[in-house]
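So the structure is just underneath, and the comments pick up after that.
Per-chain numbering from 1; labels A, B, C and D assigned in written order.
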Amino acid sequence: MSESPIYLDYAATTPIDPGVAQALSEALCDETAIANPSSVHRAGRLSAARVATAAEQVASLLGCEPGQLIWTSGATEADNLAIAGAARYRADRGRHLVTMPTEHKAVTDMFQALEKEGFDVTWLAPGPDGLLDIDLLEQALTEKTQLVSIMHVNNETGVVQDIEAIGELCRSRDVLYHVDAAQSAGKLPIDLRRMPIDLLSLTAHKFYGPKGIGALYVADRPGCHVEPLLFGGGQQRSLRPGTLPVPLIIALGKAAEIARERQASDLEHATRLRAALWDGIKGVEGLLLNGHPTAHYPGIVNVSVGDVDGESLLLDLEPLCVATGSACNSKNQEPSYVLRSMGRSDDEAEGAIRVSFGRMSTIEDVEQAASIYVDAVSRLRQLAPAA
Amino acid sequence: MSESPIYLDYAATTPIDPGVAQALSEALCDETAIANPSSVHRAGRLSAARVATAAEQVASLLGCEPGQLIWTSGATEADNLAIAGAARYRADRGRHLVTMPTEHKAVTDMFQALEKEGFDVTWLAPGPDGLLDIDLLEQALTEKTQLVSIMHVNNETGVVQDIEAIGELCRSRDVLYHVDAAQSAGKLPIDLRRMPIDLLSLTAHKFYGPKGIGALYVADRPGCHVEPLLFGGGQQRSLRPGTLPVPLIIALGKAAEIARERQASDLEHATRLRAALWDGIKGVEGLLLNGHPTAHYPGIVNVSVGDVDGESLLLDLEPLCVATGSACNSKNQEPSYVLRSMGRSDDEAEGAIRVSFGRMSTIEDVEQAASIYVDAVSRLRQLAPAA
Amino acid sequence: MTGDPYSSEVRSLFKAPAHAGSTTGPSARIDAQGVSVELSAEAHDCRLETVRFRVRGCPHLIAAAEVLCSDLEGQPVTTLESPFGADIMRRLSVPVEKTGRILVLEDTATLLARKL
Amino acid sequence: MTGDPYSSEVRSLFKAPAHAGSTTGPSARIDAQGVSVELSAEAHDCRLETVRFRVRGCPHLIAAAEVLCSDLEGQPVTTLESPFGADIMRRLSVPVEKTGRILVLEDTATLLARKL
């Protein structure tokens, strides 16, 4: 416990970029960001201008208009608002919805709540590599289908879905398409001018911004609208009331600006680290890559060995801060539902380790991680009775 | 427009305390506050410990247990969660709810949404001084009543309701009592060990904390529980999922700690400023105090003159940053529903000005405000045709 | 959501309206749309010499009244009856929802013309 | 939510279990509850001389096995059959939900006793 921790859990939350931290710290005490931007007085108008600038920064990262963004407390709220909001808005037209069991809990739990409300949800299983077979989606769409929600980058495996192809199919059937982009926004190119996406969620703390602020993009198209989840003071056209957290929004804007500038180099860096990590661990006997060999975001590497206990492995990996399953599920010791639905056995899912890294990670971090992993697996195998 | 603004809109949002700003800035880059507190690894446990400390600070401000707090994005969400959550949780026992039209929109709009869901809401009108007549409440309670929501300090008028008496009545009838304490937490004494309150909402940015973080207190009593509004990763016992915004929570904790230390002197200061302000304006002919002469929080002063236009008055008050009606409603020019329900005429409500101040305000601020107000009313009266 | 609702012209006309007040000549007043407008004028040889206003209303209306009075001075009395509202609204960027109030100003001018 | 799930004793037993391995004596193994436990021992004059374990399981189980083996050495063989689980759980603060796994350890010890 005395070694200093090596943080490799970027998929749970990233450290904040120093530029973002500075922008946020400055905004906290800045006269132009103190007032409530809904107020008509001068201080209020100054705050509103700061929010407008941030909206432009996020919009230019995504290739959309500033007016198409709704600020939320994070991706959980953005996902919930998109899914429940669109499903309820279009309930008169039909009550059939489509998603996958490998989505984040903020998506799957909301769909389960909608099932209780009387919506009919089709759950499309992924292939063993985590990818959606688009033919399955085509078969699932009916006259009644109103919404499809399939994420961009999976938070456990890094698998990247073909959101353009999915979007085109949805659009051709007049079905709304929601993308949970919590793991991809700011990291992989997203261009909403070109991509047929109706709703897209993001959260700042997954791309070097602060925790507690996110956004939902809602396309400006007929039939594309959400009903609010929260009720109150009329802010944000009543779609998401509450005093706007101006400094957090400024920080999200800054994170978007930096992400736009650094996207290519960040991605290159992650690719290099992934290669180094893989080089270090690929010799482990029985090692399984959970995910797709090419359709992946490089900053997330999820591997299993079926014959060691996950909890012991995690402890033996200290001082590495890595995850088993997804962060949110890590308190309950059940095997990851994402890996199970990709066909992994309970043992394989339980022994899975997610190593995730990014902008501030170094080659040394992942090289050390690899060697610690190799040693831990070998020690625990020695400790165990023969297979 | 060249004079520097005098910010007297503390009821909309306060400046951040320098100590809170520092705590937040430090937490942003602090190794012990970076990770997701749900993660089991070491960095996660450190974050969780920081959250636990903040919960103790808030709990000690309110006189409750840390485990009775749910972190939210602010009071809008806390109010919504309390009201919809408790109403739905107890819907099997009865569907009657009680509130007042003078509540904040985060309360009234949520009750209106519940009316559409089939709940039956009794709206108790205040007296002309904004106070609830407790006999009216007693008469309104029926066998079916499950929840009463009546705020502590009113955001437009500063009127203070007798929450202890209301709470005792509710408890004697086994009705849950929710208090929107957005305007009072950290400013007026609240002791949940002693006060019969079941649910209480607060938001950091009204007591010198950051915007975008708040909390809901839920008492540990049989029958007192809320159903969640958001669904996701299981955080906070699934009552409010989403990655916890650790630095914001640390800042809320710090704001609570400072508020606890400064409560008495802050209140004394506000009382002094109120007296100076009142001294300066009380000579204005036809001046009406909107609120109660004694049952008030001193930091909010709401006054009307019936014969000048509210919009012109507001412009003539520059460089004062003050409010007409409540911040959230200020974009639409309708007369305040709070003042209308206290029996003010449309003209009186439209010409109402809310001056609100606090810890960082100075005697000079309010003295200048008084003289600017007196001059503006006099000029606009001269500009107008004879009555 | 951002942006100052008042142009700098509106601001300065509102702050220091040179034509606020009344004349010794005839006056007209209309109370409608939640505002009160009073115009008075002195005319010689069918020309408006002095025009003054009193308004209880929003900053845009006060600025519009000021512009109107200052424009009218020196013009034929009949100019009072011309439909100047749209022009002033454009010039001062008056929000459309305030059209009704500007029409009260127009109507008051017409009323005044009949009294001169 | 806060707090380290492992005591420092559990941590150090897990990191360096002196009694991991096997002996040349008889051994017993049980696979259940998602874990595998194997115990082996050499006994002389009805006393346990060397006791070793192999475990595939969580850190608490590994620590418990280590404690058990080290405690058993020098004890009469019959000690293997005593119900030590509750004691070890208390000593190592094993969470109750892991009771089943500790019972597997107990059962394996009982099984071993029969083989000695």
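The working rule: a contact is a pair of C-beta atoms (placed from the backbone, for glycine too) under 8 Å apart; a residue touches a chain by one contact, two chains touch by 3 or more.
Please read all numbers here as calculations on a predicted model, not as lab measurements.
A comparison of the B-C and B-D interfaces places the larger number of contacting C-beta pairs at B-C. Averaging Cα atoms per chain gives one point for each, and the point farthest from that of chain D is the centre of C.
Between chain A and chain B the centroid-to-centroid distance comes to 33 Å (mean Cα coordinates, whole Å).
Distance between chain centres (mean CA atoms), chain B to chain C: 42 Å.
With centres taken as mean Cα positions, chain D sits 95 Å from chain C. A separation of 58 Å divides the Cα centre of chain B from that of chain D. Contacts with at least two other chains are made by residues 1, 40 of chain A.
Touching two or more other chains at once are residues 1 of chain C. The full set of touching chain pairs reads A-B, A-C, A-D, B-C, B-D. Interface of chain D with chain B (complex): residues 1-5. Contact residues on chain B toward chain C in their complex (touch as defined above): 1, 307-309, 311-312, 315-316, 331, 346, 350, 380, 382-386.
Looking at the complex, you find that chain B touches chain A at residues 1, 5, 7, 9, 12-13, 15-16, 18, 21, 24-25, 28-29, 31, 34-36, 38-44, 73-77, 79-80, 104-106, 109-110, 112-113, 203, 205, 210-213, 229-235, 241-248, 314, 318-324, 326-332.
If you check the complex, the residues on chain A that touch chain C are 37, 40, 45, 48-49, 51-52.
For chain D in complex with chain A, the residues that touch the partner chain are 6, 11, 14-15, 17, 20, 29, 34-38, 54-59, 62.
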